[in-house]
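To keep things clear, I will list the structure first and then write my remarks on it.
Chain naming follows the written order as A, B and C, and within any one chain the residues start at number 1.
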Amino acid sequence: MSTTAEPSPLALTPVATLSVAGARIANAARLVAVHALLILALVFVLGPIIWMLTTSVKPANEIFQAGIDFMPRNPQPITNYSDAFASVPLLQFMMNGVIVCAGILVVQLLTSIPCAYALAKIRFRGAPVVFALVLLGLCIPIQVPALPLYLAFAQLGLLNTYLGLMLPFFLSVFAIFLFRQFFRSFPDEIIQAARVDGMSEFEIVWRVVVPSAWPAIAAFSVFSVTAHWNDLYWPLIVVSKDALATPPLGVAFFFDAETGSDFGSMMAAATLVSAPLIIAFLVAQRQFIQGITMTGLK
Amino acid sequence: MALAADRREAPAPAAPSGIARQERVEAASGYLFALPAALLMLAIILGPSAVVIAMSFTNYELGAIDWGWIGLGNYGEMLSDRTFWRSMRNTFVYVLIVVPSSVLLGLAIAIMVQSRIRARRFYEVAFFLPVTTTLVAMAIVWSFVLHSRIGPVNAFLQLLGFEAVGFFTDPDTVLFSLALIGIWQLVGFNMILFIAGLSSIPRDLYDAAAVDGADGWLDRFLRVTWPMLGPTTMFVVVTTCITAFKVFDTVVVLTDGGPLGASEVLLHSIYLEGFQYFRIGYASALTVAFLVFILVFSLVQAWVIDRNVHYR
Amino acid sequence: MQRLAQLLTATAIAAVATATVPAAVADVEIEVYHAWPSHKRFHEPIAAEFMEANPGITVTFRTPGPTYDDAHQAVLRGALTGELPDVFHSGYHLLRQLSTTLAARSQIIALDDLMAAEGQEWIEANYAPNVLNLGTVDGVFYGMPFNASTPIVYYNMDLVTAAGGSADALPEDWDSLIALGAKIAASADDVDGMAYDVHAWPDDWLWQALMYQEGGSLMNADETEVAFGNDIGLRGLELARRIVTEGGMPMLDFKESRQQFCAGKLGIIFSSTAGVRRFTECSGDNFALKTHTFPVVDKENGGVPTGGNAAVILSNDAEKKAAAWKYLKFIAGPRGQEIAVLGSGYMPTNKRAVEAEFLGDHYDNNPNWVTSLNQADRAQKWVGYPGNNGVKIWRTQREIIDAVMRGQIEPQEGLDRMVAETQALLPRN
């Protein structure tokens, strides 16, 4: 281990008065201390997740037997999961989650990319006005327009529909903001060349600019899917049927007083609902982390 | 708003012939591209938000046939409503617990993780994991882990000789327990933002500081890291404030505002008044109060982004 | 670009695939809404049998409301936004408010004519007058009684025995109950005595039980004023406080307290007979479970409130109405009741359900299930408040009761506040 080689706020400054051996010992001690602290923090961060996983395979009589016995003694990998599937339509919830997230994402990309391009690369008089609206929209979370949207959706018969679940999110001002920043660094010469070649602005957006913006699109997709897979507020308001419930809503409904004492299958259900995003994250960590970082706003 | 005006790029040099025509085509497609987004924005964000503000001056209740303008009546009621003040207080206490804890913890972890070499990736992924979890599902897990009587955390506390804690059932504790879940989900997110900030600090600054006699990590932290992280820190603080201010999911799933209203928060009050008791007018006034606070946070954020951009 | 195109294609395919799943073809579809997600376990099998017997009718369910009060508010909201279910299971205490509100908008069906068309003989063969009374509001029969329950006491006999109690001498009055709770709480470190969760209950059922068992009531005879602002109300709050201070009751929430009992760490819990099945299952091999009747102070006039729900029809469409009526007759018929009773612990609302063909000797073999029937002669109507604020009134009252039980305010102060704040939410006339 050569931690000192890495420039960092924690790295040691070699001090002349210390012998090399002494420095090594101090270095090792520091290393141990840092890892100890990190592992302690990890217990807090990963504890509940591990608890969820181990409890989901514990037989009912073990769950309360010993308060802090982490590992199951007689693991039952199937029972709690099949119970969870039997008592709630989990697959339906997840399918709904996929449909809603995909629908939202596709329309968000279709509406925001051209607008962002127009703001970044096209000169037209309305641009400052549109951009001001974008900045204003950035500050308004869904909870603000929720009441009128609900009343309007009731009038339009959009409650309890997929469209009702998705429509309020069809435009992401944040996507416009993000893509605009990204497109601005795209070389103007290439766009001019494309124009000279006779490409329409439409073709320029989708065939010239977008392919180079893949990192931004991936980042935004991660952000959007994470946000809408996990959203509770809006589904809670517009949906009252299992057939349309998204995963958080389904799980929230499932958690009633009586089924609530069946911890094993509760934990199994929680595991299943969290699994898709966690697995996606573990598979594509770099894109996820980059996505969330780039899209800092949450 | 300054972002729009001062940082637009200079017009690209255009070809000498057919300039006017090309500009017209360009402008036309500009409007065309911006139109769907602008219409949607008016229809689903700005329009409804304006309607909320208008409704906050009415006594409209869902389904009511006769209703009218009552001026500032709802705001008057709000100011004398015990529940409103309680949820404001609770929301702010929640924010005041979550923001400093998750920011400082995120920073500390970022500093420790960033200087690792082989283990860095592992720590980043592990700490980030909660960010990707479904909060509602994890809230249920937490309700079990922190059960007042039969939860593992209390079993552990009792093993150490402490009294069992009513994490979600003691009015003095419940906000802290909800905050704990909030911190849990935010730490990894803040850590990643800080790591990004740390990575952009030029290494020669540390060398220069060493030449100036800064030795010991605290010295280096205070002289180089902390000042250089300024913009990142501001950004993280504001983002965390907005997220914390919107606390809702855990309250709905775990406490329903109880016990004794000790976890009643602003969004939950709005939800109850608007969607449970159908008092749309009053719920709109509460929403306007919510919006005001979010706007304040957002303005600070816009200002921070602005400064942040200048920095680079 | 290519990857984006792939993404778009993939999601488009997924969307089309799900959209084209063929919808079940049926002549009539009725949508049913009930409270309590755990009730799915009997609603769904009943509906399945019903559909098998009636091929032209499809029954679908809304996602269950978390509690009666939540479901009630959701239906009221649905009435205003045109999102009503065809059949709704209303908690008895809110049936009056529901029917008054919806009848004014012609959105609820009075069932009297439908009942009459079935003939007096059929009615008498199936339903006792006091059961039908549960679904009647001001003389109009709106709700077909589906579930009926009374509060009973559940004992963890392992803990009772360890504390020196015995199955033959379970407490019949509050003092000995509290004394037993105290002994259980003292018997082990990680065990609590008893739970009377009136402060956390999602509706005012257990609060009404405290009034009824002393012969009290909620409202005065002409329903203009709150009637518990008296000694009965005061003693009710004092008793609730004593259960905490003397009986070893931890102030948990609704879920936690049940979970604790299931974990075998709570000696006594008051709950609905509807939980017999669930508590039997969760006690499993961990501990012996025994139920007992609710202690009643006033043996003459005292009683217990009848919990449960009645099914109402909210569709004016002639076809749906006819299908819904068929459904109501089935679920409140002997076979429907057999499934409902066995799936929960509720008492049957249909006389014939106890016949040999249906429940038969179930009660003889399962003594824990009989307790509620043993106190059936004391069962009174679970009533609601006039006006539209029933749900809000309980949220308000509950918080005051909670404060009294935690010792933050004195019972008298709590009672005064309960009376004043309830009165303020009642209609003014």
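The rule we apply is simple: a contact is a pair of C-beta atoms (placed from the backbone, for glycine too) under 8 Å apart; a residue touches a chain by one contact, two chains touch by 3 or more.
Here the structure is a predicted model, which means the values were calculated and not measured.
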>> Need the most distant chain from chain B, centre defined as the mean of C-alpha atoms.
In response: C
> More C-beta contacts across B-C or across A-C?
Replying inline: A-C
>> Just the number, please: Cα centre separation of chain A and chain B in whole Å.
In response: 14
> So what's the Cα centroid distance for chain A and chain C, whole Å?
Replying inline: 39
> Tell me, which residues of chain C touch at least two other chains?
Replying inline: 80-81, 255, 259, 263, 265
> Hey, what residues on chain B touch two or more of the other chains?
Replying inline: 62, 150, 158, 275
> Residues of chain A touching 2+ other chains?
Replying inline: 64, 249, 255, 263
> Mind pulling up the chain C residues that touch chain B in the complex?
Replying inline: 70, 73, 76-77, 79-81, 189-190, 192, 199-200, 250-253, 255-256, 259-260, 263, 265-266, 391-392, 399, 402-403, 406, 408
> Across the complex, what residues on chain A touch chain C?
Replying inline: 60-61, 63-64, 87, 95, 98-99, 102-103, 105-106, 109, 154, 157, 159-160, 206-207, 210-211, 214, 217, 221, 239-242, 245, 249-250, 253-263
> For chain C, which residues are in contact with chain A within the complex?
Replying inline: 1-4, 7-8, 11-12, 14-15, 18, 33, 36-38, 40-41, 61-64, 66, 74, 78, 80-83, 202, 254-255, 258-259, 261-265, 275, 278, 282, 284-286
>> For a test of understanding, state which residues of chain B touch chain C in their complex under the given definition.
In response: 62-63, 143, 147-150, 158, 166, 168-171, 255, 258-261, 275-278
>> Please output the residues of chain A touching chain B within their complex, sorted ascending.
In response: 1-3, 6-11, 13, 15, 34-35, 37-38, 41-42, 44-49, 51-52, 55, 64, 66-68, 111-112, 114-115, 117-119, 122-128, 130-141, 143-152, 167-168, 170-171, 173, 176, 184, 188-189, 191-192, 195-196, 200-202, 205, 226, 229-230, 232-233, 236-237, 247-249, 251-252, 255, 263, 266-267, 269-271, 273-274, 277-278, 280-282, 285, 288-289, 292-293, 296-298
